[in-house]
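Once you scroll down, you'll see the structures, which are given as structure tokens.
Both complexes shown next keep chain A, but they swap its partner, so chain B is in the first and chain C is in the second.
Coming up: the complex of A and B.
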């Protein structure tokens, strides 16, 4: 049997793996992506498409800012239609406690030199969202934010990467990983692959790959749920969230409204499927009505969920393997990795070709939960 | 023109409702779609894709062509709802151009009176 050789082998054909392949191929590195199903089959293809810089964990702000700059011209860069629209994103404050939360966040951000989150008073909020409920007293906006179509975005990276030499192998589930000398040897059911560098972008299955590489990681996985309405009259241009309520929605150009909010269904990773929790979806719908009374007239057309990986601190794992040389991780983005896709590929390409990244990856170490003293 | 084949329908008690602003009576138990057809208001909605008028195709709940606005609630299947006293039925006109973003836009029956009579 022939062994397929490349300089880099990426496991996982989601947006992180596809972006990594794109950035490596751009540098002339030979790269192959192994995807157990089809590219963007799971979280990268079925997420809410939020392109959000607003409210990022401080550890992620620099990465997210760089990604946001890339999103603004990503269609041109990839010569594709990702569906990106810069519509701004507003988190709504429902009460004075929310406003207090926003004020302390604003002070913290200003002290760190970040000014992309701008607070809104009630009048400004109503001007941007004329249909917001009377009890909403303010909010915060990030102007560059918006949404994209996740499946198209991930495919855009894949197609751009293939155009410059990257190879994507679909239906190839990794069964074993071994290091022999300076080479990673990876076997699937029928094929063998060999590479100098190995990248783990396996999403909800990344902990299994991580263990094969040698890094234990307390990752979990879940099935965040979404629903989409029939067309409604245009009533909200920005993407909408709430400071302290599980609410998130966006209205697309065709009038349909995508409602998220983080409610989770039941994940069945072994069988590649999820089940929905309809009572939680119903309460998500009620939250939308509470903030936007016009949502009383919404008719839900479809509901779904995808398999997503989480870390206990809701921060991703990004960086070099601790136990193995020339292995790298980027997974467990905890339901907010889509926006980071354009920059994560660059980070991994830097780690592989330069040996380091210009970003501080310390908070994303794979072994950050390992106990120092027993 | 549509007409009812069931003569006994006329003996049943009559319900008052409005279809596109027109006051209409219909026998109890009749579907909204039948009441619309008999009133000569055969179009239920504007297709947001073709911008052409649509009406019932199957008239038995399968095809979703007859969606219309009932008591301010859009996307209701006219063929599956029975007429109710005071029901307000309107030709549904939601396209990609429909906007309620300008504060002066009339919200019309939307958001008001929703959830009135249907079960």
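Coming up: the complex of A and C.
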């Protein structure tokens, strides 16, 4: 049997793997992506499409800001239609406690020199969201934020990468990984692959790959749920979230409204399936109506969930393997990795071709829990 | 039968929940309750009967006899169903069924949830889509909807053209004619060669001579009327900009065009897949019926232990077999829950199993004879709409295919084809068959949409009001250990604060 060789092997054809392949191919590096199902079949193709900088954990702000700049030109860069729209994102404050939370966050951000989050009073909130319920008293907005169509965005990276020489192999599930000399030897059911560098972008299965490489992580996985309505008259331009309630929705140009909010169903990753928890979706529906009574009569057309990986601190793992040379991780984006896609590929390409990244990756170390555990 | 809605109480679940009150669902309920099972039947129509016996006990027509003897026969089974102890919850759409026995449906503006140990899906069939140029225009409907208008509201359309193939098409035309409604033309698309190829099955068909005679009778009835009949038509196209103006077609190369504002299309029925697909049951491509069907054994058991599929939703079998299958499924589930023994089931199912085997021969003949034309299933014209909800044409799909949408779900994500409120009911088969052709692979390898709940639109408000529902009935249980004494008083779980 022939062994397929490339300089880099990426495991996982989600947005992170596809973006990594794109950035590497652009630098003339030969790269192959192994995907067990089809590209963008999982989280990267079925997520809520939220392109959010607002409210990011401080450790992620720099990455997220850079990603946000990239999103504004991404269609031109990739020569594709990702469906990205900068519509702004508003988190609504339902009461004084929420406003207090927002004020202290504002102070913290200003001290660090970040000014992209701007507080809104009740009047300003209503101006931007005329249909918001009376009891909402303010909020915070980030103007550059918006949404994109996840499946199209991930495919855009894939197609752009393929155009410049990256190879994507679908239906290839990595079953074993060995290091022989300076080479990584990776086997799927029927094929063998060899590369100098190995990248783990395996999403909700990344801990399994991580273990094969030699790194143990306390990663978990779950199935955040979404629902989308049939078309309704236009009523909200910005993407909407809430400071302290599980509410999140956006109305697309075709009038459909995508409702999220973080409620999780049941995940069965061995079988690629999830089960929805309808009573939790019911409370999500309740929150949407509470904040936007106009949505009472909205008709839900589809409900679904995707498999997503989480770390205990809800921050991703990004960086070099601790146990092995020339292996890299990018996973466990904890339900907000879609927006980071454009920058993660760049970070990994830097680590591979330059040996380092211009971003501070310390908070994302794969072994950040090791000391804490013992 | 208990017609009102159960008062909700906790820790209680049904033995068997049946979705659909057509011949399959009703007979399953009758059989299951006889053995003492606690049964609930949910159906989205106000009255039991299903497609064939729709409104049989409350026809809006002065002389329902025009609908035929088969229709009138339905009053027997609906009466027996009403007498049995099953709870019948009517006018509810089951919009979610899970392999864990969970059912969700909307009732009076609220979401109700019930659980059952076993589920029988008996949701019936739908008409096969007829994707030809202009089929989406106002004025074009399916022949089945013409029948629904007739059975439910006594409404008819004068001067309409009926086009397509299949026994149901001729039945509906005959029903129209018996009411004295003028039918402008019947454009029959059954190809000449089907008559020849079906002959190899004719001996099998003779096993059900009654059915054969019935079919011939309908054709005679139509021929004797002054309805113009065009045979061996192909290349059907509905003409018109914003509404139907005419139907054009060709017969052995010569063109025809009939001016009309109403065209009723029909080319057979296929299982209604939304429920069985959303349940995640294994499906296979049935080459004989050119449709996906859930995999079942002789007892209707699906690939998921607690779920059986009966009647036309398991593959088109017709009303009598649907009823037989309902009984068979019920018997199997009664064994599963320990109310009867396997020997009892074998014994009681024997006649029905024999009947079904015999019917299969007749089915093969019918399926061969009325096999719809490739050109009327796999549209080639770039402008032909495939997905009506999202208005996606053949051209849009070809583009999506070129961009990597090689499989129905990828194509859906790429083009939105199948994302609308019908959940792909109207385009799913077309997409499977088109992709198979473009990939030059068998349909079986292409697959179908992965579906998700809700199977029908649910309003946000309905979803936000979430209640659990449990059995009201206490049933005599000679052989079972569970008692119903623990039926609790009202206990409602309101998620709304």
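FYI, the second predicted complex is superposed on the first by the 371 of 374 C-alpha atoms of A that agree within 3 Å, B and C clash if a C-alpha of one lies under 4 Å from a C-alpha of the other, contacts with A are read in each partner's own complex, and residues count from 1 in each chain.
Note that a contact is a pair of C-beta atoms (placed from the backbone, for glycine too) under 8 Å apart; a residue touches a chain by one contact, two chains touch by 3 or more.
Just so you know, these numbers come straight off a predicted model, no measurement behind them.
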- Once the structures are superposed on A, label A:130 by its partner contacts, choosing first (chain B), second (chain C), both or neither. first
- Message: I'd like to know which partner A:230 touches here: chain B for first, chain C for second, both or neither.
- Response: both
- Message: Between chain B and chain C, whom does A:275 touch in the aligned arrangement: first, second, both, or neither?
- Response: second
- Pick one for A:255: touches chain B only (first), chain C only (second), both, or neither. first
- Using the touch definition from the top, say if A:151 reaches chain B (first), chain C (second), both or neither. second
- Task: In the three-chain superposition, say which chain, chain B or chain C, touches more residues of chain A.
- Result: C
- Query: Is A:289 in contact with chain B, with chain C, with both, or with neither (first, second, both, neither)?
  - Reply: second
- Message: Which partner chains sit in contact with A:27 here, chain B, chain C, both or neither? Use first/second/both/neither.
- Response: neither
- Now for A:297: first (chain B), second (chain C), both, or neither, which partner does it touch? both
- Residues on chain A in contact with chain B in one complex and with chain C in the other? 230, 296-297, 299
- Item | Touch list for chain B against partner chain A, complex | 48, 72-75, 94-96, 98-103, 107, 110-111, 114-115
- Query: Can you list the residues on chain A that touch chain C in the complex?
  - Reply: 38-41, 45, 151-152, 155, 158-159, 229-230, 259, 273, 275-276, 278-279, 281-283, 285-286, 288-289, 295-304
- Query: For chain C, which residues count as touching chain A in their complex?
  - Reply: 96, 98, 100, 102, 104, 111, 113, 280, 403-404, 407, 409-410, 413-414, 419-421, 423, 452-454, 457-461, 463-466, 493, 495-497
- Task: Spell out the residues on chain A that touch chain B in their complex, using ranges where they run on.
- Result: 130-131, 230-235, 237, 253-255, 293-294, 296-297, 299
